[in-house]
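Each of the two complexes below includes chain A, the first together with chain B, the second together with chain C.
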Partner chain A sequence: MNENDAEIIEEATDEAVEKGLERLTSERISEVINQVLHKETGARFKAYVDTCMRCGLCSDACSYFLSNDRDPRFSPAAKVKQTIWEMLDKKGKVSKDFLRRAVHIAHLECNVCRRCSMYCPFGIDMAYMMLLVRRICHKLEITPQYIQDTVNSHSVTMNQMWVKEDEWIDTLQWQEEDGREEFEDLRIPLDKQGADIMYSVIAPEPKFQAGLIYQAAVIMHAAGMNWTMPSRPGWDNSNMAMFTGDNEISGRIARTFFETAAKLNVKRIVMGECGHAFRSTYDVGNRQLAWTMAPIEVVHAIEFYHELLTAGRITIKEKFSKKVTLHDPCNVSRGRGLHDMARKIVAMTCSDFVEMTPNREHNLCCGAGGGVINCGPPYKKERMRNNRAKAEQLAATGAEVLIAPCHNCHSGLEDIIHHYNLNMEVKFLGDVLFETMEKKIYRPGE
Partner chain B sequence: MNAFIGFIMGPMVWISAMIFIFGLLIKFIFIIKEVREKEQYLLSYMTVRHSLRSICAWLIPFYPRSTRLRPVYYGVSYLFHILLFVLPVFLFSHIVLMDQSLNLSWPALHDGAADILTLAVILALVFFSLRRRLEPDVRFLTSVKDHLLILMVLLPFVTGFLAYHQVFLYEWMVIAHVLSGEFLLIIIPFSRFSHMITAPLTRAYTGSEFGHVRHAKDW
Partner chain C sequence: MGNEASWDWNTDLKEIPVEEWKERFNWVEDFQISPDGESVASIVNVDETAFQVCVNGEVWDNAYEKIWGLKALPDNGFSALVYDGEEWTLARDGEEWSGRFDFIWDFQVTPDGKYLGLAFQKDSEYGMVVNDLPWDQTYTNMAGMTLSDTGTSAAVVQAAPMKAADVDSFKEGLFSVALNGTAFDHTFLNIWDLSFDATGRRLAWGVRLNREAYTVARDDIVWDRTFQGVWKPVFLTPENVLAPVRESGKWKLFRDNEPFWKRGYDQLWKITLSPAKGDIAAVVADSFGKWTVAVNDRTWDLTCDTMISDIFYSADGSCLAAVFKHKGLWNLSVNQTPWTLFADKIFTPGISPDGSLVAVVIEKQGKYHLAVNNRIIAGDYDFLTAPVFSPDQSKILVKGIEKGIYKRRILSV
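Then we have the complex of A and B:
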């Protein structure tokens, strides 16, 4: 037995996990594991397990592996070995210590960024396997406390951050008022039936980044769009339940979201710069509702800004002059191929751009996504350790400004920059657009 | 004894070939059947174009970034897989046997070339085995089973090589060669060697999800 085979004893840090483990009996554990692994999966799962030849080509894909001096335990296949393979081998009869470690691997050592399925010659979807482990944890009620709280919030309020209905409307009206400093007739139209666009954000925006709603309103107004925002639950496009394996609540969130848009009879949904929310509405939520693709077109901010700029609805007054680099968020590059469009926007709005390598589909994850940052402060130090490779990648660009068109990435990258003293400023594409655009209202033909 | 040799050299060859072919075929049918029954929606995301795009991209040597990051392993593995098929199929002595029993023949590899290539396969397997012991991340993933899998492939090639050179116990080597070859064929559909058919399927599915749904490349 070598040092690598030594089992890691996971510290009991998370109250929700510990209390959940206390409640579990060995019968319950094996019943849930077998139910999920045999009843909720099919030939795809079996093929993934049977096909893996343990070649280790996936290791280089994982930023956790790269950040931890190539520690074998962080290789994607190793995470599957330490969870799924052992659950299968033991027919679900695993110990509580094993489960404590499994929760940690699936929730804190994997961003479900799917980079590894691009490095596995067989295209095995290891993120799917980690989400299955999270599904098991959810059913065993041992999901980490902070992320579980966001799911609880979703369940009660249909938004991620316990934003009350009056707070939501109040925030929009406050931003509308502020926006009138730019344009005196600016509106944030609530519940406008038959508008072309429903604009949708994630709950952290009204909670503590209300300025982003203001910027979006200015952009919409200047571009002369026929748009609206819903006043009722369904305005939040985020979906943390998707990352805890709570498929039932995840489905409820997606249904509320699409029903809100359907009731407003809008042509399409435009969403702010969030990656996981895009994954939820474009790729996952629709499937939970048995729609092959989203029932109403979902447009990410990158696509939308690109459209406004190329159509001439927004013109650039003066390009941003600081040296910028671009971080490709997993869920919109690997998840939607928007990386080249993002580069075009940067080219139209910034004069000094430097590439980050690797980039596009191969970019390293910010380390915050996939629900990892949502597991909260108890795990921040560990997250910073696990993000070393990302920090090195950022530092190598020498850029002053880091553009990250995703909320999760934004928060994660700010933590990294602070922790590793990188002296970079993180911006959304919308921030850059807002700063560089001509503040005049688009009129066709002008 | 002669009856036994007659059996493994005769009917058993056909039995193992049938188990190999039909085993994989049945496995394929069962996978498709189960997908249709339990996860039919997966098929709605699969397109021929994106499946082939991904499979082809991964067949071009050193095209995917992943393969460039570990060029030695990938290079050896690529050649190994080609030889694994080319050698047994185009070996002169195998073709002679086919000619005798089925009156079928096709051009053969030069014996000298086949000899060197067999050695290459053996060396590749030794390399895989060493890599499993030496590279930390691969060692972590490796179990006894993985070494057994290597051994199962190694046996027919080593015994074939020794039999060809008639260095010692020629007849026993031929028997061991035939038996280990038949065993390998039989075990393929029931082991991870079945990645022969599952790998193109998983690649096709991931290629389709990446290409068709997510408009991105997966290599």
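Then we have the complex of A and C:
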């Protein structure tokens, strides 16, 4: 372990955490901890606590552990030991310094990627344990500032970035106009009742990357899809509340999302390239509301592009020739097994592909997901240090272009590339498809 | 509506060819059909950045740079949001409002068609405008715009400023409800689901007081009890408010701060009333993933594993229809009896006033069909819109597009 590490770990002071800690009393701390650990958990939690033998087999699975020279404090079991076990041992009577460290571990030293659970002989889900710690932090009001702000935004606007309702529609209309450079009659149909598909995105798209909406519209138009986008809240499929343990807001976001689709009477929802939003809609947000599964089918962009290409609705003019590699986002790969489909799209659109190692469900996480990047600028340096293993993995590919079909991964990987001076460009699968596709409208039978 | 008696219930078929619009204009957008079925309209592109509204083949006089949100109105006219010279306004049957805005959206109409409401933004300030009369006061942020059946308007507004990522100010509670533009006194952490009473004068809403405490406010006065969650409240009478709230991990129906239904559910929402019979219905999950309808706290015998999207009472309260999805297909259940539609899409059902007839448009494999009392009576349309029963309930008005021709049909039932 590097001697400076302890300092570095604590260097980022987060006002929301500090002010939150100031407000707390020891009674409140133990009340919340005991309530969450004893009233909100069940057999699964007890099994995890009772079964973990602290054998450390999961340690090498964690990119935080690997990036920090195998510092034992970063092993998955140690993260639980430093948080939940201690809370249980002390019956919730823990200090503010303990909590400051617990917030940090749960929000910045684990991106709830679930890689470790694949290596645990008992399949213990450390991500679940860390999310419980985050739930405690949420109730104690010591969640880091920037991610809390995204949840605040969700709670008011039902989108993650305070995108105002008029800005959203205006952006869609502006992208529609721009898209008419490709196809003069291109539309982004708003609120089209009975369309087959509702297309949904995450708030960073209208805010910073509106060009992605333009690309999606061109792809939809060329493929001849009967699609729509909602003008009203419910368009954002992201869910940061899921990552701060604000389960109630998380449920409200998921309800708004699915009811928006149900009101439009669409058959299915196609979503852009986002990993966590996918997890929220097919696994977490729906369950909060007593829906065992997504009540309206949610199709990730990877599945959708694959469908368009194999059905011949989109054809490739000329394959992308630069050397590319592919990052498997945990939430769509480990979580949903879409990695082979992603490879098929790469094979159909790119001529020079190199795997990174490890890959598919064993891929190392980008280090940004699970809400880590959303904790914001105060933690960027630390995030870069915790991403060393990922940087080494990327460098070893020798690829010029890194395809990452997930927004968080995308931003996180861009930071890594910049920080470690890797000469790579990050692209979405949609970018590659847009660049290589034939810009002509699909007509059945042609 | 309510003037159905004056509609033409005798002509079996009227046709308007719409396919040829595609030749006339660069492109034709989505069709809207008037309630009486006499008019079909669409936004059409006439030049590079020039749009018009085409109604039965005739275009409105003015062309605009942008048009969206075309709506058929209860009086059988059409309205749309139009943009020209960097300003937005509403045009009703081609006549523009005098108000001009930087943006308008969330177009709402009262059931009688007397009031048209919009959200507007002007100089980065937000408010609502009803029948061309904008709110006197405007706000830096606005959400949850609601137009009552009597034309009053309300929204959640931001009452105090907040800097970027300012979680401290947020924690203090920045939001209030504004009724007809005037904000109530209290500010809350969050406000959702504004709900008017029948007169449009009283308002209830769901609030979050702090990270963990949720409750209901009626005319800005909060209930004493707090809960783990709250969904949209509903006025049972002008004095009484019902709301689904979560307590000890279960969803329960409360009335005015007190438990009302006895049972707790895994989910409970979409409170729907039958004023005629005094019944209260809701969509509930009996247990995780098991959806049904509860009427007066007694659940239906219904198997539904996916979703119940909505429930509807007939005017006399004798019929309750639920739109539900089971094993991936949509269906309708009427008074506990599931139909056999198994559709890919199902639209809002229409119920005759005495509850004896239920009609619904469905889509199966890309074709639209009309079912009445679980029997398909018209089919293979490319598009169908909500059917209407004649006042004597002997006929049904079917409005749809078939092979490029809009058809207004009267069928006997």
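The rule we apply is simple: the second predicted complex is superposed on the first by the 434 of 446 C-alpha atoms of A that agree within 3 Å, B and C clash if a C-alpha of one lies under 4 Å from a C-alpha of the other, contacts with A are read in each partner's own complex, and residues count from 1 in each chain.
Note that in this section contacts are C-beta pairs under 8 Å (C-beta built on N, C-alpha and C of every residue); 3 or more make two chains touch, one makes a residue touch a chain.
Being a predicted model, the structure only gives us computed values, none of them experimental.
Shared-chain residue A:K390: touches no atom of chain B or chain C. Contacts of A:P72 after superposition on the shared chain: chain B is touched, whereas chain C is not.
Judged by the touch definition given at the top, the superposed model places A:R313 against neither chain B nor chain C. Touch criterion not met for A:R101: it reaches neither chain B nor chain C. In the superposition on chain A, A:D246 contacts chain C only, with no contact to chain B.
Once chain A of one complex is fitted onto chain A of the other, the partner contacts of A:K267 are limited to chain C, with no touch recorded for chain B.
Of the two partner chains placed by superposition, only chain C is touched by A:K192; chain B is not. Of the two partner chains placed by the overlay, only chain B lies in contact with A:I124; chain C stays clear of it. After overlaying the two complexes on the shared chain, residue contacts for A:T292 are found with chain B and with chain C alike. In the superposition on the C-alpha atoms of chain A, the part of chain A touched by chain B in one complex and by chain C in the other spans residues 290, 292-293. Residues of chain A that touch chain B in their complex: 2, 4-5, 42-44, 46-48, 50-61, 65, 70, 72-73, 75, 77-78, 81, 117-125, 283, 287, 290, 292-293, 333-338, 358, 361-362.
By the touch rule above, chain B contacts chain A in their complex via residues 30-32, 34-35, 37-39, 41-42, 44-45, 54, 58, 64-67, 69-70, 73-74, 77, 135-143, 146, 192, 194-195, 198-199, 201-203, 205-207, 209-210, 213-219. Against chain A, the residues of chain C that register as touching in their complex are 26-27, 29-30, 45, 66, 68-69, 102-103, 105-106, 119, 121, 141-143, 156, 164-168, 170-171, 175, 189-190, 192, 208, 211-212, 214, 228-229, 266-267, 285, 288-289, 291, 305-307, 309-310, 325, 328, 344-347, 363, 383. Residues 15-16, 19, 138-139, 141, 145-146, 148-149, 152, 155-157, 164-166, 169-170, 173, 184-185, 187, 189-194, 231-233, 246, 248, 251-252, 258-259, 262-263, 265-267, 289-293, 295-297, 376 of chain A are the ones that touch chain C when the two sit in their complex.
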